[in-house]
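Naming follows writing order (A, B, C, D and E), and every chain is counted from residue 1.
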Amino acid sequence: MSEIVQSEPFVMNIGPQHPSTHGVFRVKATVDGERVVDAEMVLGYLHRSMEKLAEERTYTQNIPFTDRTDYLSSMSNNLGYCLAVEKLAGIEVPPRGQAIRVIMAELQRLASHCMGAGAFANDTGAWQTPIMWFMREREKILDIFEMTSGARLTCNYMRIGGVAFDLPDDFEEHVRALIGPLRETIADGEGLLSGNEIFLARARNVAVIPQELAVNASLSGPMLRGSGVAWDIRKADPYCGYEQYDFDIPIGYQGDAYDRFIVRLEEMRQSLRIVEQALEALPGGPHSTEVPLALRPPAGEAYARIESPRGELGYYLVSDEGPSPYRFHIRPPSLINLSVLKEMTVGGSIADAIVALGSIDIVVGEIDR
Amino acid sequence: MPTLVTDHWYDFRDLSNLSRVILEGIDKVAPYELAYIVAPIIGFVAAFVIFVLPSQLFVGVYGERRIIGRMQARKGPNRVGPFGLLQPVADALKLLQKEALTPTAADKTLMWAAPVFFVAPAVLLFAVIPFGPRMVFADVPAGLIFFIAVSGLPVLAAFIAGWSSNNKYSLFGAMRIVAMSISYEVPLVLVLLCVVVFTNTMSLPGIVEFQVDSNLWLIFMQPLAFVVYFIAVSAELNRTPTDIAEAESEIVAGYLTEYSGMKWGLFYGMDIGYALAAAAFASTIFLGGWSMWGLEQWVPPWLLFIAKTHLFYFVFIWTRGTLPRLRIDQLMGFAWKFLLPLAVFNLFLVSLERLWWNESDLGGGIVFIIMAINIPASAIAVYLWARFLGYKPERIPTRPRLVREAGGYVPVEDPAAGGQ
Amino acid sequence: MDNAGVQIAFWVLSILTLVAAGGVMVSRNLLHAVLFLIVAFIGVAGFFVLLSAEFIAMAQIVIYVGAIAVLILFAIVLTPQSIRDNSETAMVGPAILLGVALTAVFLFVIHDTTWATDATDPGLSASDLGRALLSTWVLPFEIASVLLTAALVGAIMLVRSETEESEDVPDADA
Amino acid sequence: MTRWWTGEELAEAAERLVPGSVARSTATACILEAEHAHEALRALRDDPETNFAHLSNLCGVDQWDRFEVVYHLQSLERNQVACAKVEAFDREEPSVASVVDIWHGAWIQESETYDLFGIRFEGHPNLQRILLWDGYPGHPLRKDFLAMPGGLQPGLNEFAGTAAKPEPPVRPVT
Amino acid sequence: MLTLEHFLTVGVLLFCLGLVIALSKRNAIGVLMGIELMLNSVNLTLIAFSRFSTGPAEIAGHAFVAFVITVAAAEAAVALALAVAVYRSRQTVEVDQLDLLRS
């Protein structure tokens, strides 16, 4: 329509209240007709200054904070934080605890990608159908979380030195019952969207991020892999015994929104493989080591990162031998993946900008913290 | 046409008997003009009670939500009344109670007037639709062009709604709907012109009569016209995959962003009304109207017609529940580059065939020959034109590549590392 | 033409059309003026129906309301400064004088002449018009098509901007 | 497995690439001289042996007597991570060279660090507060935030019993 | 009883209103609207003459109206394109501001 509409550029707010910003996120898009000529993001609507709050609480008390950063993948956030504290304090986790952590982290990845892939489909205009299919499976995963930790969304399940409780008796049975239908749902979603002409027209060659830019802009997770960079911290820097499991890294072809979508779907399949293997080889023994409640790690600093569903989730902790961290920094993958928003949106139409935003799969709780 | 339908007033296979009996009764006791006034009222009430209202409430609102709910692995409305059947009523009551907000900077008069402008043509549209052999409310000789003319009016109402809201999303929606309707009106009118050329009449009962006489529906004689009509009309009606004027994920609700309460309810209800009217029009023109190869002798024809309309409407629901949405430049390009040439080609083909029909002495059986020509010709035309425009069905990978080890960059063009 | 319903329709349509035309004159908001104009167009279409010219009436609605009015709306939105301004120039006084004088002259002529009318025959059907256009009036018909093409090309060339001329690439691969 | 470089290793590499750029090194991190930091970081990115093409993390730390800006550098091809630090001693107007021209993705993290610590990044294209609004008093992640001019108090302002401002908690830093 | 005079009167009134609008409006789009009204009134007159006559004149009236509508569509398209083009270069569509030769 830009051929017809040649009006002056004007500012259009996408957000903070907009169906496609996945929370209270705002893009001040300057548009000329339908074409976006500038995009500036406005953050902070959900800022709670967790990094400051965490400096006043003990290491264990900080775990619930991490639930509330990326509220769609609380298990992964717990895990990243606990790994950082364990690295700082030199705590070993027993094998069963590690296996439980892997299962939980992968289930969380499945749940989060269900949401991410479905919401992306919604952004391209596939009106609610794919997201509802994926939500159905996500509910089952959340049921398992509830069964295990007592909470569905903010699980607060990981502890420094292991996990909070051992698995319930019928856990394995429930997870096994989940895997088959979830595989089918992934195949359904793929069948509905991946080869669909309209979906291809909307997502292919949209918001392309070349490899060099992807690396240079510190992207991570499916954003980086979609651009064809084989980088997965589970493979590159295995934690919690990921080296025992057999899985592949899916990578995209040219770094467009479509590649990121299919990478997410394939990651779900790989996660299912990991969950199956981890269930097979679930070791016995204690699920956690005893850690003093008022943990005082030795002075120093530690940076631990995991592959969260959205990318490289890092926790940088500085200790001064006190009971609470001297500095508590979260490396939020959603925020840093947003750093290429302008490159992705400028020059395209508004509809493309929405698709680009959806393909980042942002969680505003994590961006603003 | 041999017909089993009798003229008794109780023969519900043809409801026009009943209205005729009523009118004759009135004519005996009342002055001449009164029958003129009562006749449209009877037709209007009958059309609404039998078709429009039940369709709108129980197919448009309830059925659409139930069917889409089924497609989306959820239940849909199931609380109010048996099977949730009273949900539309509850929704209407809720909308009536809601406050209809008007923004301070809006053009208040126009914002109030837009829903009214939007509703009026929807009522007019059903006037020319033949529900049965003698059940047409207004047998306008140029019924087809009447339908085109009236169905162009709601676009203006939508534009007024979008402009008067004084909201950028609304304005975007308004501009989009106007651009879309201008683009898609052209192929739409062209394919309807094909129908007129072929059937030699512009009256809708005449077109149905043509299909009854030739024992073949126009969808088989002109498949290309049907496809173009379906795409164009779904674009005009803002149905997914072409609902860019109220694209939820992009411009919130398009021209309806600032509307609430019953003002929004009118737009929502009449959107369904227009979709039903388009479905009724399509079943009249392409699906044989009330005819069903003799079945109309036994089953009330109006029931057949309603069934066809709802079948067509179901296709709307189906696409809505399945397909993603196109971008506006893709949609406009599709209209001008793809649908318009195909419509022109179809017009050319159909005109030639009509000429041949007039010249030859093959009689009525020629329509089957034409069908045998047109179905492959349409497919070939679509394929060739797509190839001409440079569209090649390429094998696009639906699965990403898989690598075993992290680290390093995998080149973009790497045929060896296919993940299939 | 002597039916009571037709008479009522005539007077209603006259008032509607003329009031709407007056609305075009007096409304200060250009967008309101366009909406009045649309009402006037619809009123004229109603006259055509009264005069048994259904096809022309439908064409009037399709073209004037569906195309020309929409184009005007589009042009108004594309020229944002002009939306709120539909005022008159200093020529309004002479213009009204001229209008009134012309009306008087015309009305005198109309009512003074004895028209040889014959209102008995039914209206013209669309097929008659089509035959006439393609037989008697075939040359003007063809010229009109050329005119439409020329207008289309001219309109496109006029609104093409420099940026589009430079980047002459197809934007959508449909 | 990722090779996590010790501070000494990184110091060696940085010294080899840009002589005189290393201030000192600890077990985990290498502290770069502020004036050579930009050059050294660029060299660390471009050198094929270090190849730190990916800036994993950038954050600030308030050490009371100085601000540290911590860079976690990462090489995807060689699978190694190293930690570099740059210090800023001016408490009122701390300033560090921006690395946006080296790693594009740094801009958002530098903006955040500026927002929460008040460290200016020289050469940043658009250094603005991104999480808090313009005009917010102070920089909340500084250790003396509560004692800063116009500083805020924990809890509600009008909360009863908070009239006496408590001393900000000061912890000795090793 | 409706006669030809009734329709002609309406046509004249509509024509003169359109004329006044076209002559007095400041905005080019307003002028165009006046012209469209005038064309409409001419159409009305032609159809009225056609209705109240027989023979070739009847069909000529309809044909003329068809041509007038065509020309009006073409004219509107070109005029509005002109208005948009002028607006783009001079930021106004007011006819008394458009003194191209003077600037």
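Criterion: a residue touches a chain if its C-beta (ideal position, glycine included) is under 8 Å from a C-beta of that chain, and two chains touch if they have at least 3 such contacts.
Everything numeric here is computed off the predicted structure, so don't read it as measured data.
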item: Chains contacting each of chain A and chain C, listed by label; value: B
item: Reference chain C; chain at largest CA-centroid distance; value: D
item: Most distant chain from chain E, judged by the mean position of its C-alpha atoms; value: D
item: Identity of the most central chain, Cα criterion; value: B
item: Leading chain pair when contacts are tallied as C-beta pairs; value: C-E
item: For chain B paired with chain C, centre-to-centre distance based on mean C-alpha positions, whole Å; value: 28
item: Whole-Å gap separating chain C and chain D, where each centre is the average of the chain's CA atoms; value: 70
item: Whole-Å gap between the CA centroids of chain A and chain D; value: 25
item: Length of the line joining the C-alpha centres of chain D and chain E, rounded to whole Å; value: 71
item: Chain D residues counted as touching two or more neighbouring chains; value: 76, 79
item: Numbers and ranges of chain A residues touching at least 2 other chains; value: 2, 4-6, 215, 229, 231, 236
item: For chain E, residues that touch 2 or more chains besides their own; value: 84, 88
item: List of chain B residues in touch with chain C within their complex; value: 33, 36, 107, 110, 140-142, 145-146, 148-150, 152-153, 155-156, 159-160, 163, 171, 174-175, 178, 181-182, 185, 189, 202, 327, 329-330, 332-334, 337-338, 389-391
item: Sites on chain A touched by chain B in the complex; value: 1-2, 4-5, 10, 12-13, 18-20, 34, 121-129, 132-133, 136, 190, 192-196, 198-202, 204, 211, 215, 225-226, 228-233, 235-236, 248-255, 259, 262-263, 266, 349-352, 354, 358
item: Contact footprint of chain B on chain C as seen in their complex; value: 4-5, 29, 31-32, 35, 38, 54-55, 58-59, 61-62, 65-67, 69-70, 73-74, 77, 125-126, 170-174
item: Touching residues (chain side chain A, partner chain D) in the complex; value: 43-44, 47, 49, 51-52, 56, 213, 215-219, 229, 231, 236-238, 299-303, 305, 312, 314, 316, 318, 320-322, 326-327, 329, 331, 335-336, 338-340, 368-369
item: Of chain E, residues touching chain C in the complex; value: 1-10, 12-21, 23-27, 29-30, 32-34, 36-37, 40-41, 43-44, 47-48, 50-54, 56, 58-59, 62-63, 65-67, 69-78, 80-85, 87-88, 91-96
